[in-house]
Amino acid sequence: MSRSILRTIAIPLAAVVFGLLIGVVLILSQNASPATAYTALVVGGLGDADALLRTLQKATPLIFGGLAVAVAFKAGMFNIGGQGQLLVGAVFAAAVGFGIDGLPMVIHLPAALVAGAIAGAIWGGIAGALKATTGAHEVIVTIMLNFVAGNLTDWLSANPWKDNSGNNIVARTPLVEDSATIPTLGAVPVGFLLAVVVAVACWLVLERTTYGFEVRSVGHNRNAAQYSGIKVGWIMASTMAVAGMLAGLGGAVESLGVDGRFEAGVNVGLGFEGITIALLARANPLGVIPAALLVGLMEAGASRMQFKAGVAPELIDVIQALILFFVAAPIIIRWVLRMREDNSEQLRLGAGWGQS
Amino acid sequence: MSEVLLAAHNVTKQFPGVLANDDVSVQLRPGRILALLGENGAGKSTLVNILFGMYRPDSGDVIIKNEVVDLHGPDDAISRGIGMVHQHFQLVPPMRVVENIVLGAEPSKRGLVDLEEARNRVVELSGRYGLEIDPDALVEDLPVGMQQRVEILKALYRDADVLILDEPTGVLTPQEADHLLSVLRELTATGLGIVFITHKLREVLAIADDIVVLRNGRVVGETKPAETNESGLAEMMVGRSVVLRVEKSVAQPGDVVLAVDELEVNDDRGQIAVDRLSFEVREGEILGVAGVEGNGQRELVEAITGLRHPMAGTMRIDGEEVTNGSAREISKKGVAHIPEDREKHGVVAVYSIAENSVLNRYHRSPFSIRGVLRRDVIERHAQEVVDEFDVRTPSIAVAASSLSGGNKQKLIVGREFSDDIKLLIAAQPTRGIDIGAIEFIHRRILEQRDKGAAVLLVSAELDEILGLSDRIAVLYDGKLMDVLDAQDADRERVGLLMAGITK
Amino acid sequence: MKPRQKQLLYAGAALLIFVAWMFYTADGPQTTAVLAGTVRAATLLALGAMCGMIGERSGVVNIGIEGQFLMSAFVAFTIASMTGSLFLGTIAGVGMGLVMGWLLAAMAVGLKVDQIIAGTVLNISALGLTSFFYDRSAVGIGKYTNIDLGPLADLPLLGTVFFSRPPLTYLTMALLVLVHVALFRSVWGMRTRAIGEHPGAADTVGIDVLRLRYFNVTIAGGLAGLGGSYLALEAVGTFSRAMSGGRGFLALAVMIFGRRTPFGAYAAALFFGFTTALQNQFQLNNTFDIPPQFVGMLPFVVTIIVVAISGLMGSMRDPAALGQTYEKG
Amino acid sequence: MAPKRRHLLALLMVLGLVTAAACSSDGGGGISGGYSIGLVTDTGKVDDKSFNQSAWEGAQDGAANIPASATASYIETEESKDYANNIQLFVDDGAKIIVTVGFGLGEATIEAAKANPDVMFIGVDQWQNEALPNLAGLMFPEANAGFMAGALAGMLTETNIVGAVLGTDLVPPVVFFKEGWENGARYTNPGVQTISTYHPGGLDVAFGDPEWGATTARQALDQGADIIFGAGGATGNGALIEVAGEAGALCVGVDTDQWFTVPEAHPCLVTSAMKLIDVGVAELISQAYAGTMQGGNYFGEVGLAPHHDFDSIVTDEMRDTLAEVMAGLADGSINPMPG
């Protein structure tokens, strides 16, 4: 058993090591010290309670974003729309968070989270429903919906839901009420715990329920799924809605637990990192957690790395791209490490391109 | 004439887990037809793929025109005059006939395809060999017989003097097949040599000059038509004596189970594939649907099983209308379905045997309760299916992709037969599997009939239809030509109906 | 194309020309400005669409066009500012495009990585690398200027819109014709379409499927590379972070609208360019008081609608082998 | 297997090349003893050719002006969530003065100033509602800068059409620049037609889309505008460079003297509507060092940048008018944004 787990994580682990090694070259090219830089990176992400909190806070939306991609993967679809789903989730959660007062926390906070989840679900569901009914490819549709979501949430936060208090001039909503704010337990944000619970729930649903069986069947063999009586269109649409819901929850947790409001331009790029996370986790919902923690750690430590070692924080982006590359093309790692090729499933999506 | 056109000399080819060719030698001379006979999986395809340069042998030699050659790819073989007509046509559907024929050897001017020249050459070629064809038709619009003609022209266009045909008659009516055989015979008159791969004994006896029989990757016999007969060949092929006819009792038809009335179904391209069909299937009988592939069988089966919406007409099962029922609703009525394409529809390759064994009933008790799968129950069920239906596998935990075709098919049949069946839809139930498995599945289908199930058997193998059916419906161009009682049906009559000729 | 469709197309084109002329006589400068802006915005999309088209016609999905644009724009700008030569910069951009195309091919064709994942790797890498290595002290050396095509440039409306353009725009228009001829008339094009539809068939007639895909995806990268050069050296004259701004993805949509044909894609690109130019014009004129955020959604919403409708009509048949890695035998 | 290996080798080689192609950059950060000044950027770079850069130059100037040997260093914010953390890094490092750039850091800066009364904070573009003794908000009346630039444009235009290509209306300073610009142009040239466009995209792309900026500037030129105001980061810079390619057309930069930040725009750059961030930051640093810095809001200067190559086309008459305008803005007799 432990052997097989080892085999499963060997490639991602090696990919991380390779990525960091090439990062050393990049750091040297900037006349900086790799040791200093990486030490700063780790201290910046784990050094004290504050650092740990930051890492967990950064990992939280990454878990949700990673799940949004991984779950769609399972149904054979590529959800590039995490960004848009996250944005609408964030703005609607914030709207419920600041728009209602006088509610007890046990009602208000869940209501705000649900608002974000529903908004995300609708945003993802549009792509899924179009795919199921018209065959419009979800990659194109979700990319377009990302742009639309960006504009929509900017406008919402600059007009009807704008924070008009005091001296505010930028596009952002008022702070959410305390009763809708996700608390932090010591160095652990409750949002992170929620993300972990959701990740485990995703895994259980996918592996242990008939719905999960249907999703996986559609992902592996759409024709056989249809043959066995599964409503393929419904599964595609609902899985994309679930994926959107997960991303929307991520946005909601950002608004309610990290930023305290929605602000235009603040959550840029979060949704896209879900792709890296999901691939690093090989689309396994449980694998998403460590993958998100790793990337969250790097991002939390990046400022300190620039401060201490003078390395531009974009190094993190480059290292992430390299890791992604090595995970996607495991043959390189196998070749370097002389590992035996195993028949573990390689992630396949392209074959679904254009098929309705 | 001592020239050898094409030969394999002591060829051995190993695939992971299978010795596909074991020290195989065959030889083809000009003007002769060499039949390669063998069961599915006997190594025929591997051998011709080696001869055509698709695979390289692990050991042994390929000899073309008395010369040992080292083929690096099909282009090597083509340039040496080898042409091949594949079992699955290697044509590009949305391209024209002429484009398909010249592809890879295009006449060109400054890098641009000279379509005019190509068209002229195709017209000339088809005139010369009596293989008439419209060079500007899209391949996807052509019936299969015509597509096969394109394949043959493709080889002839490349000045082939050896033609390899892999199971060429499977997609033809008996009459078309006879016509093909006579065309081939004429071709040999020009000195062409032909390698003819088949598992149909009748054809071998009708056309071959030399016969080589393969079994389990080895040559187990070489003979000539004059020296043998069908049962002799069958025994050589299988390695034991074979009952060529299925033994069955007389049918005891009961009430109507499936009633199809004026059913109209479109294909993927929106064209009418099933044209106002009406028929009934009763308890305890097998209705065989004969016809050349692509005459609406697939669409008919998909409509009946709820995978495709009919455009018009009605279907009833046990008197209840199910015309627009979903696959699941129909399956709930006690309908079992053996799909025609087991890789595409029958199994999920990466799923374990256990998961595949409940592919159509995972949602029902006892396999799941309130949406939660019960793995122990599923695994027990899978073990039962594997035991009862003789699925050869090391474990029920392995992926279905590791099973052979016959074992996959037995797994599917086992899965479908594990409930009480009211109506069985069996589409090409024995395609591409070995004789042992064929016999096994035939017996099981008859067993279901005798237990009172209504069976709709769709098959492109006329022998299978004739052997199993109690009544035979013949489809041509989406229309029902006729429904015959089994005792009135013979190869000749059904064949004519399959070609749309009612007399 | 069926004759009915062709007639419809001609009728539509005639109507468009008529409408354009009406507007031109009503307000010359504005009409000219909008149409010139249309042609301009279409160039990059057309280059990206041709890149995607050659890949998809060969059976390889390329969603890394965005990354190819960005990386090539970066290299084109850097080399141009180092050497002081726009031409060398352009060449370098094309070269980088070829390298990016080759990387995609190496992953998607050679190593059989899932094509969509491979494209995503390109996008993420390009954003990271160009940000990391961007030398902000590099100074642009200007950009390509318009070249008037003799008397043609003096034509009313058309002169400004089509015949007074910078060189890479002309090159793009020429490439549209070239790619069209190559795809639909040449030996290469026939083989390319064959490996995208039925690689097995191509293989059995001796076409090396993997090699041709490798070649095509690499060459197509060169077109995206030209797009990057255009972006940095003709459209803008400098480089800035993430300057491709999603146009690589739009190019993909344009390619699909255009049914993977160069002229179809160009028509779609012009349509996109037109929506962009029109929304600017509405603002410039204060025509409507719609927030720019909503006007800005227009191209994206239109894309979704068109993709959905064309899906419904079944008019977008993808190459049959699109997205699948090819295994011999 | 052999060909596969070849792919791999080649791939690895390319990776190596890409990494080796790294050009060295001077980097930021660093740790120092002595008197240190820290600067935290908004989500942007210290050499964005815009306000971050301007503030960084001011911080360096300020450090140089201090008698004691002072050093300045910066952290570039990647994500707005890191504002507080990045400020804290400087606090922990013992920085005496911390400059934070941009409205977005306002709240984080106030928090930090409250928590660290010993450290002096300078918040660029951060309005202070209540004055903290150790925090100065450096504010600029953008509308005035836009008005002056517009006034000059109104006098210079020959077609009587002036255009503006702008970032996004989501960011108020951009709106102030635009309104001021249009009103200024009308002030000196009542018959002028002003055509202005905001970027239609989201906040994440509105300042980073030079292609749109260039295309839109061209669209304005094509319908007769002969002076274009480009205000909006890289988007506006794209507009400036586009105008540079049009003979006879003029352009106006924003924030800093873009003669130095966008050399590509030399052929058209007649002036820039400047916020003198560098001057303001340097001044506040000196005050902070001297202990004379007042909490609350500090108004920096705005103005027009020199005309450089176009000095000759700005007549004395125009200069006189501009002087009047400046005086009028200063004494309040001219309202740059009426209504």
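Letters A, B, C and D mark the chains in the order given here, with residues in each chain numbered from 1 onward.
We take it that a residue touches a chain if its C-beta (ideal position, glycine included) is under 8 Å from a C-beta of that chain, and two chains touch if they have at least 3 such contacts.
Just so it is clear, the structure is predicted and the values come from calculations on it, not from any experiment.
Put simply, the chain farthest from subunit C by mean CA position is B.
If you average the Cα atoms of subunit A and of subunit B, the two centres end up 47 Å apart. One simple way to say how far apart two chains are is to compare their mean CA positions; for subunit B and subunit C this gives 44 Å.
Averaging C-alpha coordinates per chain places the centre of subunit A 33 Å away from that of subunit D. Note: centroid distance subunit A to subunit C, computed from Cα atoms, is 30 Å.
Shared contact sites, meaning residues of subunit B that touch two or more other chains, are absent.
Annotation for subunit A: residues 26, 147, 151, 154, 158, 312, 314, 322, 329, 331-332 touch two or more other chains. Annotation for subunit C: residues 111, 129, 246, 291, 293, 296, 314 touch two or more other chains. Pairwise chain contacts present here: A-B, A-C, A-D, B-C, C-D [touch as defined]. Considering their complex, residues 305-307, 326-328, 331, 337, 339, 341, 344-351, 355, 359-360, 362-363, 368, 371-373 of subunit B touch subunit A. Here subunit A touches subunit B in the complex through residues 208-213, 216-217, 220-221, 223-231, 345, going by the rule given at the top.
Interface of subunit C with subunit A (complex): residues 61, 63, 107-108, 111-118, 120-121, 124-125, 127-129, 131-132, 246, 249, 252-253, 256, 291, 293-294, 296-297, 300-301, 303-304, 307-309, 311-312, 314, 316, 318, 322-325.
Against subunit C, the residues of subunit D that register as touching in their complex are 4, 7-8, 10-11, 14, 18, 21-23, 25, 45, 47-49, 163, 168-169, 195-202, 205, 208-216, 218-224, 234, 237-238, 241-242, 244-245, 262-264. Residues of subunit B that touch subunit C in their complex: 49, 52, 54-55, 73-76, 78-79, 84, 86, 88-95, 99-100, 103-106, 108, 111-113, 154, 270.
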